Amino acid sequence: MERLKTGDRIECSYAGTRFNGTYITSREGKAVIKLDSGYNIGVGSDTCRFMERPDPVGRPEISTTQNDSLPPLSIISTGGTIASRIDYRTGAVTSQFDADDILRAIPGLSGIARYRTTQLYTILSENMTPAIWQELAAAVYKEIKNGATGVIVTHGTDTMSYSSAAVSFMVDTPVPVIFVGSQRSADRPSSDNTMNALCSATAAVSPLGEVAVVMHASTSDDRCAIHRATRVRKMHTSRRDAFQSIGIAPLGYVDYPSLDIHLSPGAVRRGSREPAISPVLDESCRLLYFYPGMPPSALPETGEVHGLVLAGTGLGHVSTDWIPALKTLVDDGTIIMMTSQCLNGRVCDRVYDTGRDLLKIGVIEGADTLPEVALVKMMWVLGNEKDPEKQRLLFSSSIKGECMRRSLHGL
Amino acid sequence: MERLKTGDRIECSYAGTRFNGTYITSREGKAVIKLDSGYNIGVGSDTCRFMERPDPVGRPEISTTQNDSLPPLSIISTGGTIASRIDYRTGAVTSQFDADDILRAIPGLSGIARYRTTQLYTILSENMTPAIWQELAAAVYKEIKNGATGVIVTHGTDTMSYSSAAVSFMVDTPVPVIFVGSQRSADRPSSDNTMNALCSATAAVSPLGEVAVVMHASTSDDRCAIHRATRVRKMHTSRRDAFQSIGIAPLGYVDYPSLDIHLSPGAVRRGSREPAISPVLDESCRLLYFYPGMPPSALPETGEVHGLVLAGTGLGHVSTDWIPALKTLVDDGTIIMMTSQCLNGRVCDRVYDTGRDLLKIGVIEGADTLPEVALVKMMWVLGNEKDPEKQRLLFSSSIKGECMRRSLHGL
Amino acid sequence: MDYEKIGLLAGIEIHQQLDTKEKLFCRCPTLLRKTEEHSGEYHRYLRATESEMGEIDDAAREEMKRERKFTYYTYDSTCLVENDEEPPAPLNQEALVLSLTIAKMFGMTPIEQINMMRKLVIDGSNTSGFQRTALIAVNGTLPNGGRIETLCLEEEAAQRVEGEIFSLDRLGIPLVEITTSPCMHTPEEVREMAGYLGMVLRSTGQVKRGLGTIRQDVNISITGGARIEVKGVQELDLVADVVKREALRQQNLIMIRDQLLSRGAFVQPAPFDVTGLFTGTGSSILKKAKIILAVCLIGFSGLVGYEIQPGRRLGTEMSDYAKKCGVGGIFHTDELPAHGITADEVEALHRALGTTEKDCIVLVAATPKQAHCAAMQVIKRAGFALDGVPEETRKMLPEGNTAYMRPLPGAARMYPETDVLPVLVEPSMWDSISLPELLTVRALRFSTELGIDEGLARQIAFSERLPLFERAVMERINPTLAARTILGTLKEIQRDGADISMISDDRFIEVLHAVESGKAAKEAIPELLRMVAKGAGTDEAIEKCAPAISRDQLHAIITKIVDERAAFVQEKGNAALVPLMGVVMAEVRGSSDGKIVSELLRKEIERVCKSR
Amino acid sequence: MDYEKIGLLAGIEIHQQLDTKEKLFCRCPTLLRKTEEHSGEYHRYLRATESEMGEIDDAAREEMKRERKFTYYTYDSTCLVENDEEPPAPLNQEALVLSLTIAKMFGMTPIEQINMMRKLVIDGSNTSGFQRTALIAVNGTLPNGGRIETLCLEEEAAQRVEGEIFSLDRLGIPLVEITTSPCMHTPEEVREMAGYLGMVLRSTGQVKRGLGTIRQDVNISITGGARIEVKGVQELDLVADVVKREALRQQNLIMIRDQLLSRGAFVQPAPFDVTGLFTGTGSSILKKAKIILAVCLIGFSGLVGYEIQPGRRLGTEMSDYAKKCGVGGIFHTDELPAHGITADEVEALHRALGTTEKDCIVLVAATPKQAHCAAMQVIKRAGFALDGVPEETRKMLPEGNTAYMRPLPGAARMYPETDVLPVLVEPSMWDSISLPELLTVRALRFSTELGIDEGLARQIAFSERLPLFERAVMERINPTLAARTILGTLKEIQRDGADISMISDDRFIEVLHAVESGKAAKEAIPELLRMVAKGAGTDEAIEKCAPAISRDQLHAIITKIVDERAAFVQEKGNAALVPLMGVVMAEVRGSSDGKIVSELLRKEIERVCKSR
């Protein structure tokens, strides 16, 4: 008997009846077949008889047009899907990316801009690496130089805030660079992809002039928040409004469905910076999360890494046991920065003894920089500045809004 | 010339004038002296002339009385200070702990209960260790067995949530065990110590029957929140309301200054459990925080630890590169649990490929357990249960409210 | 009517909510809530996904693209899964086993590996935009020899509060969907089989009861007609009527088709703008309209007004189609002059359109957009009349009539729910499922074993309070007393305003025990239950509404009764005890314990006998 | 009065806000806000710490223990440091350098290592419950030969909005506190030195200006009197009056003491309850009171009513003490009968208490708790009268009088601010500080170098708008015009309702340039500035209120003027240009450019000359 392939028409004898259906796959020893009623069932493969192999179904061609009078936006895809297509015959969901696909899936986009699309990667965002961040930065920079009014980067949400921070450090941009993703997959009618995409395109043609993440502001489909790339964090595994600005209010909001945009006075405006790129990253940096009883042996060996970000407790502490080992590391040239696992609030190592000891041995205070952002910043600083004094200056100042001079009131 | 000691009366010639004052200390090469106006100044030690060494000032004796008709509470101190005393003569701040001290500092306490105090440790909370958690659990258990109506544990805030979770796992308590600390030091008139102490005593005599953290609910002095020990996290470095229940509403509130208490229906009630203690912890557990590009070499070696908690991205992911190394660890007997660095929301490794791969190699889903609590839970489970099947059952169920079957709406 | 002759074929699709502890894909209780208890709300838009668009015309595509804004009410008994904000939990095992039990009761064969599907539903009733559903078992049998085709396990949709507002309490409650083949041939058979299906489901003791917890769809066709699906027949008693009237409708539509064909009738493919003809009309509706369009149905005269179901005409069917465009209705010349439209106007209409009295003209008056849409709908439906019966989904009207709802759905748009792992139904698990006693069997057993009236036995067996009855019987309470109290008294006092949900099973049994032991009279039961419903303890209720009589008072009563019957007592001696016991108990209305009464009575009888 | 003879000694303590970019211990701007702009509020209780309690009596202890609830307004220009929710940032370097500069201007010696202190303040004005303050320098000199004891750098307190509500915008603004020794001997000298101190501070150009940004406390004593601290003298002009009246008050109190001692007067140590005496009183206050207490001041008659400052008596001082308990005031027999209290009632009072007309009785009417508290306060103050002048902190009243506020503070309760690291003042840094020109020196320079009137020079040098004046001069605008416009015109149009804060320096300079270049007439300045204040651009304003004249119009005007003076022109030839230029410019009111006018005028003159 012919080996069954996905899409083959088959006849299945089961429970004394014959069903017609489509062969889908083999799973855990069962043949999964799609009955003509639409249901999948898993049955013994011996019950299935091959009938025919249909010609592949061509996808309906619906052409879309772009409006040349609208501003040009570039969309760079890294694997986050804006659009997807379900083949109900086989149940397969495939993500779609070219401009036609996107405009067909989200017709509203065509009223905002015209689009140029680049598919840079198709990976899950947990598989991102600093090397990919660098390529992404180069791609973003290229689009800016090519005259894009704004750049949209579609990205898996898991590590979107890391990537957006990395691009923010590497690229000086006069135009908005908007990272966007979706928390609910694009194949479902409830997906947040449409609203996030429309709001991100709106932000990308707006007077904004910095790298930002645009995602749902609440569980309702009422508005998206525009978050500064270096102050945003994924704070929920699954909610639409998982992305939250930490320690600052969002840079603005895009209302939905009106697409009215509101930028805060603090948002960097379009044209504030000349385009530039400093794409070097020193990957030899590590983020370490401290907990009580964590042995100093968990620290990297001397010389193992160039930079180490600690996520300490409270105002920025680790066990007193760690001080000698940290001192050795610092003395041997490892740059160590302290951040807080509290995430909100500012590190201040002047208040308690442990903190003062840390300052004494040369650990750098990370102010209110988020631990993950501090890691990315460290890679960037060590990659682009070799003079230790200037490094320290960079660490203690805000390069792209990652640390703030004042702590606002909200928690 | 006599070597100056703190408290010595001196005369200082400076700027052509003579000042009388008190010698405090030597700091960075300067003699710090306290002028009679109260100001400290740092001047060259050659300007100071010893005058006399006053007799030590006895502290005023104000006796306090305890009301025997009130319920007995036990206060165990680990280093968090409820009360402190300033010696304005020398500027020294000393923390105070015996019952008299506390009642003198916070007279309101004497109206709530009578107190027995134990000073177990005087350490900064970043220096806590699992071994100390065990001693603390034993001390708490002893007070419960001795008939305490409730137990209050004063604790530094940095790692209070770790310790409270540890005690929660180790001790079955029929009475409230309340952890309390202060975010602003007890020597200042604005300290949160008084309100937190009064509210924790109120919670300790209430119908509650579990381990909880009682701290400010907002920046205002209006009420304290009662947080379940296994669902609370310090979410701000310095605000009074740094402690937040994650994924659940607090167990209740204590209004201030009325000290009215409101318990939620979900709070475990007094007497629900028989007192018991299972104080073994397997310290050979580690918490690892994943970030993009983190090399698999950052994982512990095979056999290095018994248990490993991962704080993955999003729904509970790490780089695909990690799968083989994790598989080796699991195959060699390391228990690995996945939690999310999002903190809010539930791990679900059935949705994406990486997650399904993790499940396939035997990584355990941590549901919505907080990463830090998962670490403590792992130490406890591995310490108290050796059967791998039963361990898995414990990991996937809620022992002390650390993971929930339903995800409520709030973020 | 001879249904065999007209070739009636009917099938049933039953949706039954399961009474599990938790929902199908989350750990929330399956609890229906009052909407005023909602803890919050949010709103969302649902969008048809791109693949939906491929095959359909631009207008429909436009329509599906139109974003609709839905509002959802949350409760403290709902969670992020209902909010479509968390992946589903693994399939609820209790629901799976229960649905397999039901399948086994119908003699069905389980699917070896159950695959959960997403079925697209974008009417807002599912926050995700799809309903999760899985085929669990196939090929069962019915007592009439018919076949049950499939049994699916699904999640219930959210309940519509009003407009586009939905309540999330119901979303995710497990539901079995049982689909029979079109194996029934008379309206009565449909009713009977529907009843049977319901009985089997209730026999599990684990299905939800009450309004809306079971919904029946009926598929009906006759020879030469078409398959019609009537949705949401909630009352069993109406099933037969629905079938009858649908058969009648199909017969009439076939007759109309034959007439039209013989007349050579046809439909003008586009509407005419006749707004100008009615500038001076007396019809307020026409006067208000922005535009008036006319559809010419050549040769249709008289048939559009022909009654096809009691009170419903072919014109009503056209009107139903037109209403989908938001218009209030249509006018057609079969019913004119009327509604302020004069005969002259009708004539002018014919003249202007070049039609005659043999033709029927349908008028639509509305905004340009609506009117055009409605006119095209009328043309569509009129065209169908030339083919006979169009395949439709119809909704039931109060009397058993039906009205057009939407076209029959195409193939359901389904794709796998990848967030839920497939479940193997191991043969050992299937074998271990034990079948519950059918309620019909149980009713028979009650009547034979407990000796209660057959009707009462059936009533109590089918009652929601069956578990309470069985407990009472276990506790040796008189079965008839228990059944009558449950079926009669409770309903009675509820009708009078008592909140019988406040009467716990424990209290209820206590009251019956009190009656059985003579601590309270049977007659006091309604009053006692009323007081218990208000929160009183059983003893407290007895104390208040049938206060215990003191031993002295009791003594006086007994003395009086015995003295009054001194002759009888002296005659019968101790044998007078039993008859007099009844007299005394009636007097004290159950306010005294039977033992004490008997003791005192015995003494009094002795006294009177001695005094002889 | 001969102040030397009575031994007047006075010192000044000046608090001056610094105009730094950021606050002393956080990075917020030093911006005062309108309270209605507040972004949020929270409330706190402050508690005296335990150590506070050791030495003081139970009543006071009770008082300090009483928790007071304070409300704080936050702004988008305040942060967690003001909220006492974040450790302080390191000491603001700008503020440190500025305070050292001031110290250097007074010839003071800096402290080698500056140690920040916490000074306890639990009146709610500091969220932390303490004020951060550091001694920066010591031992400076004043022009009168007196000494400046200390200069401290402190954080400003929060501003009281009302009651216990505070606004956080002001909290944390850097403040220097300069304390002189009691080195002044006449009221005029005090005023002069206060003026000098202020002038030196303003000479830095970096101190805040305006109401409340500088506050003066004055310490006053006379021989035999006591040290009195008068708080918050905000207007320099009142300083001398305050000193005069306080000297007078102390003199009178000493006189009263001498009288009392000679009379053998004393105070009954406890009050009497005399409520019963006034049951039928016509005094509405007494009638309403829950209790009436009487304090007997034996031998005080006449002296309680003696005026010690214009309009204030010893009784007023007692009343001030009593008011601390929440009562509205007191009655004393020196002023009775009055206020509805009859002579009979006074007599009855004396009779009941066994006192005579030589004695004075003070009545307190209130709730029992308040009345007791107030009576004890009266007893306390009356006792002080036997000693002369009690040491007090007093507040200024509008006319220069003062009223009791609280006892003189004891030793400040200070301990180190450990969250701020000590700062070394390196000699090199101290040496590098350059001293700004004193305003007095600058005024002199203006008058000599720029040739403006001496008074005007002084006025402009001391003005807040000095930088604007200096810029105008730099840009070669006539100094007198600039000074007069700044000091006169701007104030004038502000008085008329213009929002002069809308006039940027750039615009202001533009307007003056326009006038100087003849594009606008001097007379147009007020109107131009008014328009600029409303948002107009300079050119726009000139266009509107002094519209440019067209070349043709200008030509016509010039032709007319030249023709009218043909004889003169013909006589003078080109030499007529300058005189006629003035005539034309006056006519066109600056609406035309001088160059064009001169060009046209030259041509016309030539024409007329030629036509001769």
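Here the chain labels run A, B, C and D in written order, and each chain numbers its own residues starting at 1.
Everything that follows uses one rule, which is that a residue touches a chain if its C-beta (ideal position, glycine included) is under 8 Å from a C-beta of that chain, and two chains touch if they have at least 3 such contacts.
Keep in mind the model is a prediction, meaning the values are calculated, not measured.
Peer 1: Taking each chain's centre as the mean of its CA atoms, which one is most distant from chain A?
Peer 2: Chain D.
Peer 1: Between chain A and chain C, what distance separates the C-alpha centroids? Give it in angstrom.
Peer 2: The answer is 48 Å.
Peer 1: Using mean CA coordinates as chain centres, what's the chain A-chain B distance in Å?
Peer 2: 33
Peer 1: Mind checking the centre-to-centre distance between chain A and chain D? Centres are C-alpha means, answer in whole Å.
Peer 2: Whole-Å distance between the two chain centres: 56.
Peer 1: Residues of chain A that contact two or more other chains, please.
Peer 2: 219, 237-239, 315, 345-346, 348, 409 - these are the residues of chain A that touch more than one other chain.
Peer 1: Specify, in ascending order, the residues of chain C that touch 2 or more different other chains.
Peer 2: Within chain C, residues 80, 83, 85-87 contact more than one other chain.
Peer 1: So what shape is it, when you link every pair of chains that touch: line, ring, star, complete or other?
Peer 2: Per interface graph, the chains form some other shape.
Peer 1: Check the chains against each other and report every pair that touches.
Peer 2: The complete list of chain pairs in contact reads A-B, A-C, A-D, B-C, B-D.
Peer 1: Which of the residues in chain B come into contact with chain C in the complex?
Peer 2: Interface residues on the chain B side: 315, 345-346, 348, 350-351, 405-409.
Peer 1: Considering only the defined contacts, which chain A positions touch chain B in the complex?
Peer 2: Result: residues 124-131, 133, 156-159, 162-163, 219, 234-239, 241-242, 244, 283, 286-294, 298, 311-321, 340-348, 352-354, 372, 375, 409, 411 of chain A touch chain B.
Peer 1: Which stretch or stretches of chain C touch chain A in the complex?
Peer 2: Touch residues, chain C against chain A: 42-51, 53-55, 65, 67, 69, 80, 83-87, 108-109, 111-115, 117-120, 122, 127-130, 133-135, 138-139, 150, 152, 411-416, 422, 424.
Peer 1: Which residues, counting only chain C, touch chain B once they are in their complex?
Peer 2: Its residues touching chain B are 26-28, 39-40, 74, 76, 78-81, 83, 85-87, 418-421.
Peer 1: Hey, which residues of chain A end up touching chain C in the complex?
Peer 2: Going by the criterion above, the answer is residues 14-17, 27-28, 30, 32, 35-44, 59-60, 62, 83-88, 91-93, 96, 101, 104-105, 107, 183-184, 186-191, 194-195, 218-222, 237-240, 257.
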